[in-house]
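The same subunit A turns up in both complexes below, where it pairs with subunit B and then with subunit C.
Showing the complex of A and B:
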């Protein structure tokens, strides 16, 4: 499964929308209804799933699915 | 003796060979017995005395760690005053609290070492900082060393006596309705009585996973003091990013959570429901051994209690606040009612005044540190005004049905003062009036822009919206996530005000004049 597909599947677990509906422009909080803890849990799963370690200072700049995807892609 | 020292000495004597704490170091699990941990606590306590800090106020800033807990226990089992602070606050706010709490020294998380010089410069009373690490620190500044220095200094024969029950043990900062946080003074008796009075279903060796922020009264008193006093094995969650994974690693029987955590974990459960049976979900998401979740700090929808019950986990709600050390009422495994927040603890009396819950008892705080006006307003003849409205039913269970004070309670249990955020945002000349409200587990800024500034800058509506979003983004970047503003509403008219000129908050949410979401 591609990284993007797997990431959308993880997002769908927290948002209640199907993976296909998760667009790159979606904002985690406003569009997908993520709480701050949902967001942290998602990133924890991303770390485990893709075997990467996300730097805490970079996480503040992530608001959209696309921004998160770019960060993951640059690290995998 | 009604102090934490007698409680702790009894615990170490009774449970010496059992595991007190477990934590992850990278991916390896480490642990320490009550006996060894008790030795470390004793050495730090003696080291503080030898270093000339007897009776001093000493802050702790950091995440959950065995070093943090050892430092805290050393302070409160001796005669110091511990001041746990939120490590997620900006350095300026932490400096301000260090000054306001008269801290003479500080235990600091290694990850926050970069703050050390700023604190030493801005806090004239601060004489020493010990980094919460057993490794030596090469700082070139004799005021900055590591916990190992205290441990070696404390390798002496004499010991420090425990404090009196009426002495202050801890000052915990909590959001104030005026926008300035207040230091809740809890005595030795306040804390030890709360520990003794809570009914908690766990026997020696029972595994408990601690996931709450360690500087909170609920975590400090229940996850740490209470759970250790029962001889349980307290496992430390290293990061909220990995809470679910760590449940799988440590396999706890009991956990304390705020509603937000219960809701997030439930999303995982719901996502797996179509593919896995209940037993597999219980094993995969809840570790396979979880029996009880104690929760408090915010409202929890009864829906979640039913859903977790289907998996064999009892969620027991309680009620408390830092000012009451913190637990006031609690449901217990043998005595609970859904939707209620339980019965009062045995050391608590409850009464009502105009519907507001008042609390009296041995766990009610001594007052707010150096805030006599606020203390007098909160304590009336020994009765604490909780700011919550409620009632007790015919069976003796307490229910909450509203709030008197103007604080927003987030589902992670954090109390947010809207005025504090309004004051910060309101500084910008573009913002004439702002009201912060709490909706859908987030904060909304309702802003009336200054029409003169908008006109002078010739801003279109889209440009105005962008400029306000930028102001909010800048504010968010400097604050912990629970204080983030997550939505913006721009008003075309000013807020309605009362005869004294104050904004009528209850009318602020009326959607009639919102231009945009």
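Showing the complex of A and C:
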């Protein structure tokens, strides 16, 4: 499964939105209803799933699925 | 042979308290859920018996402790066939609440026994429903809300033909995933690094008491150590009293709007309010630690699997008096976000590391205040119950491991409730009045003047 597909699948588990509906432009908080705990828990899963370590200072700049996807892709 | 499982960090936390305080009472959780309507008790019984099958956590039992005193959990397949009915309808509601409060003080003693008890309730003033008493290792407050809503949804399904509620997540599947995550060595190393780095950066935490610095001074004298930074915990008299303060709809909306505008969570605003109060009470102390409960429910499965997913972590911040209210709020937010990322860690390991580094004396603590913020509304989204008056009440277990434990919830009228559980050994209602008064003044002064420094806020409230 591609990284993008895997990531969408993870987001779907948190948001209740199907993976196909998770668009790159979706904002985690406003569109997908993520709380800060949800968002950080998702990132923890991302770290474990893709075996990466996300730098805390970069996390503040992530607002959309696309931004998160780009960051993950740059690290895998 | 039944499949047994280790306890999760959240369950271990409660079990440690049971062992430390030598009573299961500290892990009791009780609620009554009732509506002002005639209830068909045969149907309600059917709904509750079905809930035992749907919501696996209700069937969890614990093995006999091993040589180290550790227990494992398993799901019992013993079929529950009856739910006893209790009739308190001939009393006042106050007296009925007092009777149920006594039930909440009772303990589940023994191994391989049910840790969940349910009664059908006939209550005064035409209220009818059910009372549930459980061990906190089986469920937390979010789980209780999911369970009561599911039971009522089953009841309305059988009674009125409403749609059968969706299946709840499988307890064992979610538990297995949690334990796998916890045992992932890379995850463990990252979490440990995060928590250890806090100590590398700030050194040993410093106790701050609701009543001021004399509590720490008393501990220093008792332990004959002037540099002691932790204070004694109460172990003999665990009795707790509860004082509730409601906040009306308009000021609640101001809090919600402020948080929305500044992209701040209400938990972090509350933590800022409490830490500022503690700083004020302790001569402007800048290094403050507060225990904050995190309910680790993010995915749909985590929400509906039951179990105890509430873990307590110290929110430690060092904030100077010159920091503005808004800057301080974001310092807390960043700290909390880091904690959320590493919340799979067993909090006991944080204290093991502290003890190893600083030789903290036994039965002492760095925190006097504990916070739980529950964003979830208690009122069920069930169209059949919408207009019906309810009597839902949480009962304190009567034994607190914490000096002061504040639970903040949203109320159906759009307001909030601040519920202070305090150990009577050291604290009285007056202390809570003072704390709540200043907490409100600090939060509202800060929201009105978010550029004002913490020092100035402390000075002017």
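Here, the second predicted complex is superposed on the first by the 76 of 76 C-alpha atoms of A that agree within 3 Å, B and C clash if a C-alpha of one lies under 4 Å from a C-alpha of the other, contacts with A are read in each partner's own complex, and residues count from 1 in each chain.
The working rule: contacts are C-beta pairs under 8 Å (C-beta built on N, C-alpha and C of every residue); 3 or more make two chains touch, one makes a residue touch a chain.
As the structure is a prediction and not an experimental result, all values here were calculated from the model.
By the touch criterion defined above, A:44 lies against subunit B and subunit C together after alignment on the C-alpha atoms of chain A.
In the superposed pair of complexes, A:53 makes contact with subunit C only, with no contact to subunit B.
With both structures placed on the common chain, the touch criterion links A:14 to subunit B and to subunit C. In the superposed pair of complexes, A:30 makes contact with subunit B only, with no contact to subunit C. Of the residues of subunit A, those at positions 13-14, 29, 35-38, 40-41, 43-44, 47-48 touch subunit B in one of the two structures and subunit C in the other. Every residue of subunit C that touches subunit A in the complex is listed here, in rising order: 181, 184, 186-187, 190, 263, 265, 294-296, 298-301, 333-334, 336-338, 340-344, 375.
Interface residues of subunit A facing subunit B in the complex, by the touch rule stated above, are 12-14, 29-30, 33, 35-38, 40-41, 43-45, 47-48, 60. Only residues 239-245, 260-261, 263-264, 267-268, 271, 411-412, 440-442, 476-477, 481-482, 484, 486-487 of subunit B touch subunit A when the two sit together in their complex.
Subunit A contributes residues 13-14, 16, 29, 35-44, 47-48, 51, 53, 56, 59 to its touches with subunit C in the complex.
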